[in-house]
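Letters are used for the chains, namely A, B, C, D and E, taken in the order the chains are written, and counting of residues starts over at 1 for each.
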Amino acid sequence: DASELRVGYSSDAVTLDPANHRSRVTEGIILNMYDALLARTDDMRVVPELAESWSQINPTTYEFKLRRGVRFHSGDEMTADDVKYTYDRLTKPNAMGGQTSPRQSLVGPLKDTEIVDKYTVRFVLREPWPIFTAYVPFNQIVSKSFTEKVGTPAMATQANGTGPFKLVEWRRGDAVILERFAVYYGGSPDLPPVGPARVDRVIFKIIPETASRVAALLAGEVDIIDELPHHAIKQLQANPRTKVLATNGTRSFFMPLNNTRPPFNDKRVRQAANHAVDRKLVIDRILSGLAVPLDGIISPQSYGFNANLKNYDYSTDKAKRLLAEAGHPNGIDVTLDVDNPFKDQAEALAQMLTRAGIRTKVQIWERTAMADLWKNPQTNGRDMTFQSWGDGALDPVGIFVPVLRTKDRGNYSGYGNPEVDKLLDAANTETDTAKRSAMYQQAQAIVNDEAPLIFLWLPQDVYGASARLKGWQPSPRGVIKLHEAAVD
Amino acid sequence: MTPLKLAERILQLVPVLLGIAVIAFVMMALTPGDPVEIMLGDARSTPEQRDALRHDMGLDRPPLERFFVFLGNALSGDFGLSFFHRRPVMDVILERVPATVELTLAALFIALATAIPLGVLAAVRRNGWLDRAATIGSLLGVSLPGFWFGILLIMLFAVHLQVLPVSGRIGFGQEVPPVTRLLLIDSLIAGRLDSFAAALRHLIMPALTLGLAMGAILMRVTRTAMVEALAQDYIVFAEAKGLSRARILGRHALKNALIPTVTVAAIETGSLLGGNMIVETVFGWPGLGRLVVEAIFARNYPLVQAAVLLYAATYVMLNFAADLLYTALNPRVRL
Amino acid sequence: MTVAAPLLRARNLVKHFDLRHGLARLVQPQHGHVVRAVDDVELEIRRGETLGLIGESGSGKSTLGRLAIRLLDADAGEVRFDGTDLLRLEPAELVRLRRRMQIIFQDPYASLNPRRTVEDIVGLGLRIHERSAAPSTRDRVVDMLERVGLSAAHLHRYPHQFSGGQRQRIGIARALVLRPDFVVCDEPVSALDVSIQAQIIALLNELKRDFGLTYLFISHDLSVVAHLADRIAVMYLGRIVETGPASRLIEAPAHPYTQALFAAVPRIDAGGERPPRLQGDMPSALDPPAGCRFHTRCPHAGERCRRVEPAPIEVAAGHTAACHLHGDGV
Amino acid sequence: MSEAVPALSGAKGIDWALAESPIAGNLRQFVRDGAALAATATVAAFVLLALLAPLVAPHDPAEGDLLRRLQPPAWMSGGEWAYPLGCDALGRDVLSRMIYGTRVSILVGVLVIFFAAVIGTLAGLAAGYLRGPVDIVISRLVDILLGFPYLIFAIGLMAMMGPGLSNIVLALAYKEWVLPCRVVRAETLAARETEYVEAARALGASRVHIMLREILPNILSPVLVVATFRMAHVIIVEASLSFLGLGVQPPTASWGSMVADGRQFLLEAWWVSTFPGLAILALVLAINVASQGLRDAFDPRLQS
Amino acid sequence: MSALPAHDALLSLRGLTTVFPTRHGEVRAADGVDLDVRPGECLGVVGESGSGKTVTFLSVLDLVRRPGRIEAGTIVFDGRDLRRLPPEALRAIRGRDIAMTMQDALTALNPAFTVGAQIAEVLEAHGRATGRSALDRAVQLLEQVGVPDPARRVGVYPHQLSGGLRQRAMIAAALACQPRLLIADEPTTALDVTIQAQVLDLIADMRQRLGMSVVLITHDLGIVAERCDRVVVMYAGQVVESGPTRQVIGAPAHPYTAGLLASMPRLNQTRAAIRPIEGQIPDPARLPPGCRFEPRCPRRRSECLQPVPMRDIVRAERAFGARAVRCVLAGAAP
C-alpha cells in the first residue's frame, strides 16, 4: 500500500521552471523535485548537495566538484554540462527563449561558468562577493538536454530534476502531485536521513483560505498545513490527531517611520515610539508567544547578529517624556499604513501608540498600492507603515541592506546615514568573515540608537501537522521539503 | 431572421468589448503598483535587472502604445504572456475554465432544481406556510455571505461528519482521461464510477454554496412569474376545458413563467462563469475567479484584460442563448 | 350651406411604421415589414362640424387623428390648421398652437396619470400655456370640472378613485380647459359601460354646442358616430374609402365596404333582409392587396378591382366613394 | 382581468403596488397584519441605533484589551455580562462594534443605493424617453458595465482608489446604477406610449416635464423594488470587499468586515462573525418588508 | 317566484352568491342569482361591466379564483348539483358537458402552445382521442368553425392569427367534445363589427348543428335582440329582469332595462336625442341596501329603500319562459 503525504498549501506554484520565478512558495514546491549544488541545514549552514565539495580558488573564483552518478528523473546523468547550462540560463540575458531569468540577481556578479571536466565546474565572478555560496542553494540544476528539447515555455509545466520526487501531475490551481524518485542519490549527507524519499507520494493541495486549510487538517485530509493562524494553535494542540510545529522564521517585522518629515524626523520621537509598544503583549496574545522580540531587524540566528543592542523597554512614561522633550507635550497625530493581513497587529499597535501620546489612525491599503506609495517616503507624505522583510540566506546583506541603506529598494523609512552606508558597502566586498560581521554589528548599533523603525519581532513559522506525520521538521527557510518525511 | 440577428449581435459586441477593454486597461493603468516590484518582492534584485524585466513585460512603453499593441495582438488572438507565469495568458486562463464551467453548471443545476419546484409550489400555495418558509429561505440565501456559509458547510460536512472533502476537484488516482474536462462527464465516459463519486463529493459543497444563493433569487423570480401566469385568462380557459391540475401547472403556467427565470438564470450563470473567487478560495476550487483576482492584486495586466474580455464575450453569448430560449418558450417573442 | 374655410385640411398624408430594426433596415425589403398605417389620405374638417371617422381596427383611424394635430409627424403630405402648415412649424410655435387643438382618448384608465391629482391633470395645460398664478388656475379648473359634471370636491383625488365615466369626464376637462377650437376624440366612449356611454355622448354634444368646437370623432361603433357626426369618413387599410354627410352615408352607403359595415351592426329593432356578411379577415396592413384594397372581401369585386386602385368619385354632392362601381365599372 | 405584460406598469399594465417584488413578494400578507409596521420599526431601530451608537454601545468599539482576545459570549463559560456577545481578536466588544457597524452598513447600503437609484433612474428615463443616440450610448454603457464581472470591477476600482468608506460607496455605485437604469428604461419605454404621456405632449408639455413629472412618479415603485432588493446585495459585496481586505478603514467596523474578519475564527470563536451575520439578515429582511409597506403607503391607488 | 328549479331546465341556478373579500369589504359579485337555461335555447345575459355576468358563469364551473368563493346557492346541471360533486367529477364535466369561451381570445389562448395542441388537449383530457388522432380531430374542428386552411393553422401560435380566427379557434376548443351547454362570454367584444357578425353566425350555426344550449353573455342589447330567445338583465350582481327577448326589449319592466334601451344610440334614429341614465354604477363594495338601481332610478320611491325581491310578472304563456322583474313597480304600468 503506497504511502501518501498531503500538504495543505496556501498558494499554487506560478511555474515549475526553477529559473523563471521569484516566488518563495513556488520554490517550496520545486525544491522537492530539483536539487541545487549546495543546501542549507536547519541551522542555516551551507552544505554540499549535488556538489561533493567546493573550494574558493581566489576571491572571484569558486570550484565545485560534482557528485557522480546523480541521475535526473529522465534517467540521464547530471554532469558539469548541466550545471553550466543551468547557470548560463540564470546569468545570460535572453537565455531563456528570449526571456531573461528573474533570478539573475541571485547569482550576484557571476561572470561565467566554466567546465573543468565532466564533474568539475568553476564559477568566475566579476568582483568579490563573499556570500556567493550562501546563494547557491537557491539555484536548482536543470537538465541541459531536457530543457533544450522541450524549450523554456514547456519547462513551466514539466519537471525533470534530480530531486527526491518526480512530477506526476500539476493540476493548476488545485494540486501538485509528486511521486518518489526511486533512484534518488540520497541528498546531502549533512542532512540525514540519506536515501530515497520515505513516502511514495506527495500531494501539495492548494487551499488558499486559512480556515479551510485548518479544517482540512482537522478533517484528516492533509498532513501538513503552512501558515497556520495563531488563533488555531490551541485547538490543534488540544486535538490528539494534530500537532503544531514551529521553527524560527526568517522574516522580521518592523514599522518604518518616515524619517524624512516631521514628526518622525526627530530621533526622540522615534525612540518614544519604540518605547510605546508592548511587544511582549502582542507576541503573547496575538502571536501565541511564537515570536522573539527584536531591537533591530536581523534574526538572532543570522550571521552578523549584534546581541548587545539597547533594549527599548515598554514604558508609556518614557515615551511621553521623550515626546515632550521633542516638543510634543500634547502628543502627536499620525497615520499608520498597513495592508489587510496585518490589520489586527497594526490595530493593536496603534492602540498602544495612542496610549503613549502618539495618536495613531490605521489606514488599510491594498498591498501593492501601499508598496508603491512607500517606495518614495521622501515624497509620499505618510507617517508610518508596517513592513516585514524576509531573507532565507540569513545574511544581513539580504535584509539589513535593502531596508536601511540609503534609498535601497526596501527602505520605506527614508533613513539615510552615510556612516551606515559606508559600513554596508565595505562589508559587501569584505571577504574576512569576522571583519565583515563586525561591520554589520556596528551598523546595527547605530540604527538601534537612531531608531528609524519601530523594532518589532521575528515570528516563528508555524505549521499544523497530523499526528501521523513523522520525521519532518519545518525548515527556517520557509520551504516544505519532504525528503525525510514519513507517515504512519 | 436569426442569422441577421446574430450578425447584429456580433456587431453590437464590438463597441461593448472595446469599451470593456478600455475600462479594464484604464483601470489597471491608473492603479498604483509596479508588477516588477511585485514579482521580485524583497528578493535580491538590481536596478538593471528590474529595468530588464520591465522591458521584457513591455512596461517601458507609454500606456497608449501599450493599449494599441494589446488591442492589435488581441485581434489576432494573442493576449500576450502572463507576467508571473511567464506563459501565454490564454493558456493560463483556459486551464482554469473547465473547473469554473463544471462548478457553474452544478450550481445552476442545484439552483434550478430547488428554485423551480419551490417557486411553483409557493405560487400555488400563495401565503401558505411553504410560501413563507421559502421567502425566509430565499432571504437567507441572498443575505448570507458565501465565504461564511461555505466555511460553515466545511465545518459541518468535512470536519464534523467527515463525509465530504474540504477542497479540490478529485482525488489522486481517480483521474480520468480528459474529454470534456468536466470531471463528472469524463468519469462517466470512462465508465469509472469511483471517479464519478469522488468528483461529485468534491463538487457538492462549493456548488451548494453558489447554487443556493442563486436558487434563492431564481425562486423569487419563478414564484413571481408563476403568480403572474396563474392569473392569466388562459389558465381559467384551460381549467374550463377540464384539464388536470398537473397539466395546467406544469405546462400551461410553467412554460410561460420560465421566461423571467431564464433571463435571470442567464445573468447569474454569466456572473458565475466569471468565476467566483470567494467560493473558489474557500473550497480551493481551481477556477478562474481566484486567478483573476490574484492577477489584479499582482498587477498582471495581460491576464486581467484577457479574462475580462473573455468574460464579456461569454456574457453576451449567454444572453443571446437566453434570447433563443425565449423563442422556444414563447413563440410570441421573435428575434 | 355656406362653405366656410376648412379649419383643418390634410393632403396626401402618409404615415408608415417601419417595423425593422437596426441592420434589418439595410437588408430586408420594405415590403412585409412596413405598416402603411395612413397612406395618402385627404381630409377636410370645417369649422364647427363633427367629422366621424369609422373603420375597423387597424385601419389607421388613430394614426390619422394623431397626424391631424401633429402628435405624430407625417412622413409626407401637408396638414393645415386654420391656415397654418403644422408640419413646418417650429417647436415653440407648435407648443403655442397646441392650446387650440386637443385630444380625448379612448381608455379612461390609461389616459390619466395614476400618480397625479385631478387638479394637476386638468390644470396642466393652464400651467404650460398661461403660467398663471395658482389660485386662478384652480378656479378655472373647477369651472371646467363643473362643466363636465364633477366638482371642486374632486380636485385632490387621484384617477383611481373615479369610475370609468368620471375618468372620461376628467379627460374631457383636460382637453377643453384651454378652450381649444378643435378636438380629436379617439374612441372616447368605446371603453365605457353601456349606460355611461350615453352620458358622455350627451356631454360631448353639449360642450360642442356651448364652446363651438370642431370634432374629429373616431369610433368603430357606427351607431355612436351616426349619432354625433355631421359628416362621416370611412377608412379601410390606411385609405379613406368614402366620405359624405352622415345622414346620406347611412341611408345610401356607396362603397361596398361601408355597406357591409352598416349591415353588420346588430340592431334592437331588426327588420328586413340584410346583405350577406363579409367573408374573411381584414388583410394585413403590412401587405395590403394591390388594386382596390377591399377587393379581397368585396362581393362585387371584378378584374379591374384587382389591378387598379380606384380614385375617389363624387357620387352625390359632398359624398365621394373610392370604388370602381361608381366609376368605370369593375 | 389584469394585464399580462410583465415589464409594464403605470396605468394599464400590472400594478406594481400589487405586484410581487422579487423578494418581498408574499410578505404582503404580513404587511396587512402589522408586519410592515414591525419591520419599519426594526429598520427605524437600526437607524436609531446607528445615530445613537455612542450612547447605546456599552464600550468603545475601537478600544480593545488583548487580554480579552476572543472571549466568548456571556452565557458561555469564560464569558462575562460586560461583554454580552463576546470579544473579537483584539479583545473588542462584539456588541459595541456591531452597534457602530450599523452606521457603516446602513450608510453603505443607503448611499450606494441612493446614488445608484438617482443616476440609474435619470439615465434610464433619458434613454427610454429620448431614444435615439442618447439611448444607444446609455444602453451600450450599461452593456459594458454588465459585461464586467462585478467583483472584479469593484476590486479594480478599489485597488485604483484605495480603500475607505467613500471609495467603497463610489466603487459600488459605479456599477450599481446599471440595474435601476435598465428597469427604468424598460418601464419608460412602456410608459412613453401611454395615453397620459401622449396627452401631456398634446398639451405642449416639455420633455423634462414629461420625464420627471409624468413618467417618473409611475416608475418609482419598480425602482424601489430593485433598490431594496439590491441593498442586500450591496451590503454583501461590501463584505466581500472586506474578505479581500478592501473594506472599511479601522477602527470602524462594518458588519461585512466583521463577518469577513471573523470567518477565520469560525472554528474557534463563532461569535465574532455570526452575530454580525445575523444582523445583516435582520436588516435585509426588515428593509424588504418595510419597503413593501412604504410602497403601499405612497401609492395613491391604495389610499381610500 | 321561480325559486324552484324548473324541471325542464338543463342548467338551473338558485340563489347563487359569489363573494370576493377585498380591502374595502366583501364584494358580492353575484348575489342570489336565479336563472335557468333550457335545452336548446340561447339565453342572453346582459348588464354593464362589473354586473356579475362573468362571475356567475365562472361559478357554475367552479372556476372562481381564490380568494373569491361561492357562498351560497345551488347549481343544478342535468339533475346533478354541481356544488356537491367531487372535484374530479366536476373536472370531467368541464369542457365535455359544459364548455366556456372567454371574453378575450388572445389572453384565453396560451401564447406558448400551438392552436392545434390547445384543441387536442381537450380531447385528450376527456379521453376522446390522443396524439395524432386528436390533432386530426383538431383540424376537423377548425374546419367546422370556418377557419380557412385548417391543416396549416393547426400548427400556428395564437398570436399568428387574427382576432376573428382566434375567437374561432377558442370556440373550436370549447366545442371539441360536443358539449351540451356552451357559455360564450362576450365572444365579440374584442372584435370588429364585420367579424363580430361572422362569429355570432358561427355560434348560431353550431348551436343548431349540435343541438346545444348557448348562454351568450354580452352588454350589447342589439346582439341579444338579434340572437337570443330569452334574456336575463343583470345589475350590480343581481338579476333585475328576465324573460323572452321580444317582451323584455319591447316592453321593459325594469327602469334599468328601459334606461339601457333609451340610452343606446341607434343607427336609424340618428338625431333623436339619447336619454342617458344619470349617475354612476354603484361601488360593488358599498351597495345601496334596497333596490340597487334606486340611486339612479328616475321613478324611485320610498319602498325602493327596502330590499326588493324578484317577482314573476305573468304576461306571456309559460312556454316562453317566466318573465320576472326585480322592481316594486312590477305589474304596474311602466
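Note that in this section contacts are C-beta pairs under 8 Å (C-beta built on N, C-alpha and C of every residue); 3 or more make two chains touch, one makes a residue touch a chain.
Keep in mind the model is a prediction, meaning the values are calculated, not measured.
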Which chain's mean C-alpha position is the greatest distance from chain E's?
A
Pair joined by the larger number of C-beta contacts - B-E, C-E:
C-E
Inter-chain centre distance, chain B versus chain C - centres from mean C-alpha coordinates, in Å:
54
Between chain A and chain E, centroid-to-centroid distance (C-alpha), Å
89
Indicate the whole-number Å distance between the mean C-alpha point of chain B and the mean C-alpha point of chain D.
23
Separation of chain A from chain D, taking each centre as the mean of its C-alpha atoms, in whole Å
45
Got the chain D residues that touch at least 2 other chains?
1, 4, 159, 244, 263, 266-267
Note the residues in chain E that touch 2 or more other chains, in rising order.
103-104, 107
Two or more other chains are touched by the chain C residues none
Inside the complex, what are the residues of chain A that reach chain D?
210-211, 214-215, 218, 229, 231-232, 234-235, 281-282, 284-286, 339-341, 343-344, 346-348, 350-351, 362-369
Provide the residue numbers of chain D that touch chain B in the complex, in ascending order.
1-2, 4, 6, 14, 19-23, 25-29, 140-141, 143-144, 146-152, 155-157, 159-160, 232-233, 235-236, 239-240, 243-244, 256, 259-260, 263, 266-267, 273, 277, 280-281, 284-285, 288
Help me check something: in the complex, which residues belonging to chain B touch chain D?
12, 15-17, 19-20, 23-24, 27-28, 30-33, 122, 126-127, 131-132, 135-136, 138-140, 142-148, 151-152, 155, 159, 217, 220-221, 223-225, 227-228, 231-233, 260, 267, 271, 274-278, 289, 292-293, 296-297, 304, 307-308, 311-312, 315-316
Within the complex, chain B is touched by chain E residues 58, 61, 63, 65, 91-96, 99-104, 107-113, 121-122, 125-126, 157, 159-160, 170, 173-174
Help me check something: in the complex, which residues belonging to chain B touch chain A?
31-34, 37-46, 49, 52-53, 56, 84-88, 92, 95-96, 99, 147, 150-151, 154-155, 158-159, 162, 165-169, 172, 175, 281-287, 290-291, 297-299
